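Given below, in the form of structure tokens, are the structures.
Both of the next two complexes hold subunit A, though its partner changes from subunit B to subunit C.
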Partner chain A sequence: MTTVMDRPAASAGHTASRKPLIERLNIVTALVLGAVSSVVVWQLALKLLPQDADTAFFFNREDKIMLLALIAWFVGFMTGIGALIGPFRWLMGKDLNHDENMFLAGKEQGVKRYFRYTTDHKVVGIQYLVITIIIFLVGGILAMLIRTNLGHAQGGWIEPQTYNAIVGWHGIIMIVATIIMVTGPFGNFIMPIMIGARDMAFPRLNALSFWLIVAAVPPVFISFFTGGITTGWSAYNPLASQSALGMNGYIAFICIFAISTMVAGANITTTVVKMRAKGMTWNRTPIFIYGVVASVALALPAFPVFFLSQIMSGLDRAFATSFYNVAGGGSGWLYENLFWIMGHPEVYVILIPSVAALMEMAPVFTRRPLFSFNLAIMGIAGISGLSVLVWAHHMYISGWAPLLNAPFMLTTELISIPTGMLFLVLIGTLWRGRLWMTMPLMSIFALLWNFMIGGITGIYLSDVPADAFLHGSMYVTAHFHYTLMGAGLTGALASLVYWFPKMTGRMFDKTLSWVSFWLVQIGFNVAFMGMFMVGLAGQPRRVESYAEIFNKGNLVTTIGAYTIMAGMLVLLHGVISSWRSGVKAPMNPWQAKTLEWTVANPVPLENFETLPVITSDPYGYGKAQS
Partner chain B sequence: MTNLQTPQTTKWWKKSDVKKTFLLWLILTPIIGYVGTTVQLRSIGAPASEVMASVKTLMGVFTWAASPVAALVAALALTSLSGKRHYGDNPPAEADHQISNSPRVASTWVVVSTLLCLFALITGLVVLQKDNESILDATAMNVNVTGQQWVWNFDYVESNGVRSADLYLPVDKPVVFHVTSVDVKHSFWIVQMGIKMDANPGYVTETAVTPNKIGVFDIRCAELCGLLHAYMQTKVHVLSQADYDAWLTAKSTIEGAA
Partner chain C sequence: MSVETHAHSNPHHEHPDVVGSRNRLGVILILVADIAMALSVLFVYFYLRQQNVNNMWLPAATSDNPAVVALSPKGTWYVTGLAALGLLTHFYGLKGVRAKNQTQLVLGGGLAALFSIGALIYQFIQISGAPFTTTSGAYASCYFLIAGLNTLHLVLTVFIAIGNWNRSRLGIYKADHWHVDIVNVWWVWMTVSSLLGAFALSFS
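Moving on, here comes the complex of A and B:
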């Protein structure tokens, strides 16, 4: 730890005559320092670490070396980006002065501030947006590789090893992308303005949470070239401890990402609890804020467990501990429990903010108040509360504690009640509204459709006897794509179009938004209906090749997938072209009543000149009845 | 149920949009129920055990139970969508009302969804109980199932050490599977019989079924188990008792000779 702390100080020494250190650090220094330190540690470890004895049961020298190099990368990168400047100053008994804080806030730095440890929540929001798009792009390409392989009659176009690695890689990076897709860009950019704050409660933690994600990405890329994550995104042990070196990349990725999520969760929760504008009581707080808080607050208990499960996995690999190894007294069921204690709340971490964002848009595009605000909050709270009690429905047929199947079936099916509340809120808001036909409005209908299918298929899966047939089949894959993509991503894309004017100062091209909407939604339903069929007919998940009877269904899915890809490319084109040369957006293009639309474009550095005072909820639409 | 979706005004059920919703609901419920069950049950194919038959029944029942709800949401959405629409870059006029809540609608909705949820739960528990009891059947034959990367092996407990890579079972006789693995986690799935149980290294887990149809059915591994997971599949041959006995005798003679 000493060496780490020394670095910024040491380099500060000989550069003091020129620009101060804080102004010299950016993504380039971070990448260089990260790469250099990982190479140095890698080489040192290669030289110094003793060989495994020939008689050793486990050969884990390479695992140790790789994990050490990845840790060095992480420490080097975070040092290089400047994450340690604040703590280091603090250690010296000082803090950053005003000018330095203003520098960190990105004052008058133009585009450069997006490549620095910038604390302004609007910069962090844009950074999140861009990295989310990049991760989706990579994950999407991987999805297309999977579908191309399976579209080929009986599969088998890609080598099994490569295919398994692609499936694992697609799974984990899409999970990460969907976790950050709403709370990252919109939770950071929009949320503080929406509650009438000048910034987040802990701006430096905000920057930290973003740059941790950037630091987490290279390990998962490296893993692809060191044997890959061939275990699926769930990385079950003992398969994971048996897997190639790439698994270490997964472990490092998850650990760093989990820290990022915890940091962001603490930050966002504090911001919302402590920094809402004067008069913004809980009854006047927009529903999107509830969604964001519920999401990050759920992540707070969930992700430490994920972190821990991967630390134990890493120890099993590198030091032959036996947390998950039966021969050494461990159990694979332990891993499954830890994983799903994170894994089930995690799907609601993804879903809730998306649905909440659509609930925020519903009154705007129907020009009437949100229907039953209280029920919406009860729904969100109910889902959040129940979601930590359902994890073992992923383990009905694992053989672990069959006597618990019935109680877990109960908690799981109870979730349909609060979920139904969210449906009623959306449908009640649409009812007798004056529909402004825009892509965000149609996304509400799309969500109702997709989430209905995802929800009903979820009832079959929650039922133990039916799950004994459906578990581990393509049916499950189709089900969770319906919820995470059909519902979650639909909400995120609507959010993108809805908040694009505030974030970029330009309107999202209307035609492109429509074209991409229909391509994605139609392609999506074709693709995953086909997947339901092959699942019901008995095709297991994560297979690289399959029996002839599944040919037709897989071809349908692949055609649908290519349609989704076309829609996503149109959307990407829309983002780029509208951002560069779209129509300049007025301050409040949708005539909405939440606070983010009361600030100018581009949003000034500290959002509000005078902080607003709130006197009503933001849903005062509709004509007063005579 | 539908009628309660509208605000409390006089003769609310006579409003045209309420009537339209109700009509749509009446039409959509059987369509969704029929299409949902038919498409799903056709995809599943013919069951080869009572367990699978009850899975199909369950899915059919759930689909029919869910179809009024799905139809209601669809009917409300379609009615809303066919109402006042506005195209253009500027917002439409405000809606004609300011209704932001309806306690009666909300409470009805919650009560109905709770009842449906309880119905699903109880139906599931009844079938689960039946499935669980079959494991305790004392007259059942026993087969030890061992998964290993990437094959299945079957040991017939009541024989003299017969082991096979394809599974052979007599028809109409209960069988209990004792499932385990020698390396990583696998999942033992007899597709047409609707049973699945994970094979965990170091533990033995149990599941049971009574095949009720003579024929050849699929066994697939349902848990990603490494490189050749996709190819970890075999067949189950369900024979008449006489054929099964003949197979077992022949198999034990061969193994005895070897």
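Moving on, here comes the complex of A and C:
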């Protein structure tokens, strides 16, 4: 590798063949240091920690050992990747110099920069894209295991506890994948260019947020081999406190992921507020930016609550504290409150950027301005505001504060109003537009259809009497898949095809994008309509076998799921083949008007040779006819 | 979107005030996350205290165990007092750097670092001397949670305060003082957080 740094003459003399520490750290050193640290701490803990007293709850000693080993993994990995260099250099008063910063930015490092603590937002965007695809692949395989089990007459193909672990693992993996699927790849790669910035506000924090996610992955994988996450993704306590050791992996995973989300939230928000190009006033700022900021701004106060709930869960397990243990003065309702205070805003953390991305594409493919930009912003703001006031609709049946059921029903149903505004903006933009039939444009129609079903079924669930019947059934599962997958994932896949040319310099294969789109959308509607049917008929969720009357509905759902899988594999093939040998993309293949399409392919290291000055709005395709 | 491009006067060297303002906002936003967590800790404390499930907030004496007695809040207030002194001395240093007085900056920063170390040591003594264990009911659990959060804040403060003092000593803040301003934001929040914890623990 070519060294681009200026080294002091003294050190160059006796360490001519040795690279500075900052150049030697990469994913290999991170994995090795993480693994060695965790094994050493594990062995030390085995030797030094005293045996549990007779009165100890469940697995206190084993929990302590596992949590300590996971913490050691985390510290070792982050040290090995180089995350601590910046803070310690700050402490020593030896800040990174220009050359070192250029090295961290990945200058002249080729493909190696993707395996280092690289700070360039474009590298981080690609890293996020790859890890999101990998996480979806794992989550998708688990989904197919679930559906294969349930597609078998009356289910029961997989051993019950293993099935529970697969469901829990699938749930949390997919939630994390959907949280990062738009703000990760496109929020990092596209957003800074779109606002006319050279990079993110805090490039090292940007790298940190990505590598934290990588560090979070092994604990959740280890959980599968230590009893699994048998509680479902919500990990309700005190059940979670009493579950197998695998729950420690879940706890570590969530805590690390929450830190990543907080860091990313602060970074993205600062970038948008402080680094927009000259002349980019708020009403000239693209709607996608609003979506990304609303998402991370919601996550910023919500995920610390989730983090705390898991810290307390870990303390209950390892130190027998009494946060959720009723016998010791704790409360299961406490967990449910903390979890859903995060859990419901999290739905909109996923949805808003996806919908905003489609709103960004709508003017491009209809060649007309976004219908009522202000209404779109009001919709996003309204959803964000109301989403923090609805959490207890998940708890109607738990018996917590029945007097609050009616107010929470009201706030939940009110959220339909700002959601309707976003529908209106999309439909208004499509109305009488000159439609350019591409996969991203068709995704807008798909989103309107899927999100309408997801939204309307959600109104039933927000209604206390209806929820008393539907709660805990497959109907709920179908409902949230219609929102998170039918709307959220649809927007993310459209974003992939839309921004693929800028991110890779190649056009996404048109035929493969269409084949994948139709397979996924048809399969999706078959799968989850079938699930609505069995849910309405009374099939509970999270069960590995069921009564004979549900056979047909489950078979339909499984056929739909296999069709989705086929579509996703076609998409994956499209990503790989287009990236490797696709048609070279022109600078602005869609003739769009936002800033990312004004820079060359591949995008230069600092994006703009000269910083742009904005003089008009991003949707000036002609006069809107409303 | 219409775009005009022109040469930026100094694209790679932004004005320190611009960088400072950006960094300040970033720190405040990260603090929003920390504030959300600290408020959640208070919610946990008062929720479990109010619920007093199975009368296990402060368990009464049994044949095997004596009654759990709440800790006097005095110690927690002492920790907060040390944190407040650290804040004041840091602010004294900040006033120094604003007045281009490097000696005052180094002195204030050094004293602030010492107070943060003192507060951390006192916090450790408090935790290790608690007359109950993690298994002694909901109050004890909440006590360790609040004390743990304060300890984490103090560890970070020690790191930041020593770094700030060292950098002041090396003369890094001669040209501009936005770093010291930002460290002050952290000191304010850390002291407020400690105060909130002490306030909560005063209601056993």
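Convention: the second predicted complex is superposed on the first by the 600 of 626 C-alpha atoms of A that agree within 3 Å, B and C clash if a C-alpha of one lies under 4 Å from a C-alpha of the other, contacts with A are read in each partner's own complex, and residues count from 1 in each chain.
FYI, a residue touches a chain if its C-beta (ideal position, glycine included) is under 8 Å from a C-beta of that chain, and two chains touch if they have at least 3 such contacts.
Predicted, not measured: the structure shown is a model, and the values here were computed from it.
Novice: Is A:M92 contacted by the first partner subunit B, the second partner subunit C, both or neither?
Specialist: second
Novice: As a test of reading the superposition: which chain, subunit B or subunit C, is in touch with more residues of subunit A?
Specialist: Residues of subunit A touched, subunit B against subunit C: more for B.
Novice: Have a look at where A:F323 lands relative to subunit B and subunit C in the superposition and call it first, second, both or neither.
Specialist: second
Novice: For A:G472, decide between first (touching subunit B), second (touching subunit C), both and neither.
Specialist: Touch partner of A:G472: subunit B, not subunit C.
Novice: I'd like to know which partner A:W157 touches here: subunit B for first, subunit C for second, both or neither.
Specialist: neither
Novice: Kindly classify A:Y114 by the partners it touches after superposition: subunit B alone (first), subunit C alone (second), both, or neither?
Specialist: So A:Y114 meets neither subunit B nor subunit C here.
Novice: Go through the superposed model and pick first if A:V263 touches only subunit B, second if only subunit C, both, or neither.
Specialist: Only subunit C is touched by A:V263; subunit B is not.
Novice: According to the stated criteria, A:F202 is in contact with first (subunit B), second (subunit C), both, or neither; which is it?
Specialist: Only subunit C is touched by A:F202; subunit B is not.
Novice: Given the touch rule stated above, what does A:Y236 touch, subunit B (first), subunit C (second), both, or neither?
Specialist: Once the two structures are laid over each other on A, A:Y236 reaches subunit B alone.
Novice: Can A:W514 be said to touch subunit B (first), subunit C (second), both, or neither?
Specialist: neither
Novice: Taking the contacts subunit A makes with subunit B in one complex and with subunit C in the other, which residues are shared?
Specialist: 326-327, 331, 620
Novice: Which subunit C residues qualify as touching subunit A in the complex?
Specialist: Within the complex, subunit C touches subunit A at residues 1-8, 11, 18, 21-23, 25-26, 29-30, 32-37, 40-41, 44, 47-48, 51-57, 59, 134-135, 137-142, 144-145, 159, 162-163, 166-167, 169-170, 172.
Novice: Flag every residue of subunit A that touches subunit B in the complex, lowest number first.
Specialist: On the subunit A side, the touching residues are 155, 160-161, 164, 230-232, 236, 238-239, 242-243, 326-327, 331-333, 366-375, 397-399, 402, 405-406, 409-410, 413-414, 416-417, 420-421, 423-424, 427-428, 430-437, 445, 448-449, 452, 456, 459-460, 462-466, 468-469, 471-473, 510, 532-534, 536-538, 540-547, 589-591, 619-625.
Novice: Using the touch rule from the top, collect the residues of subunit A that touch subunit C in their complex.
Specialist: 55, 87, 90-93, 95, 198, 201-202, 205, 262-263, 265-267, 269-270, 273-275, 284, 286, 300-305, 307-308, 311-312, 315, 319-323, 326-331, 334, 337-338, 593-595, 598, 606, 608-618, 620
Novice: Which bits of subunit B are touching subunit A when the two form their complex?
Specialist: 5-6, 17, 39-40, 43-45, 51-52, 54-55, 58-59, 62-63, 66, 69-70, 73-74, 76-77, 79-81, 83-87, 89-102, 105-106, 109-110, 113-114, 116-117, 120-121, 123-125, 127-128, 131-132, 179, 183-185, 187, 189, 191-192, 194-198, 200-203, 205-207, 218, 220-231, 233
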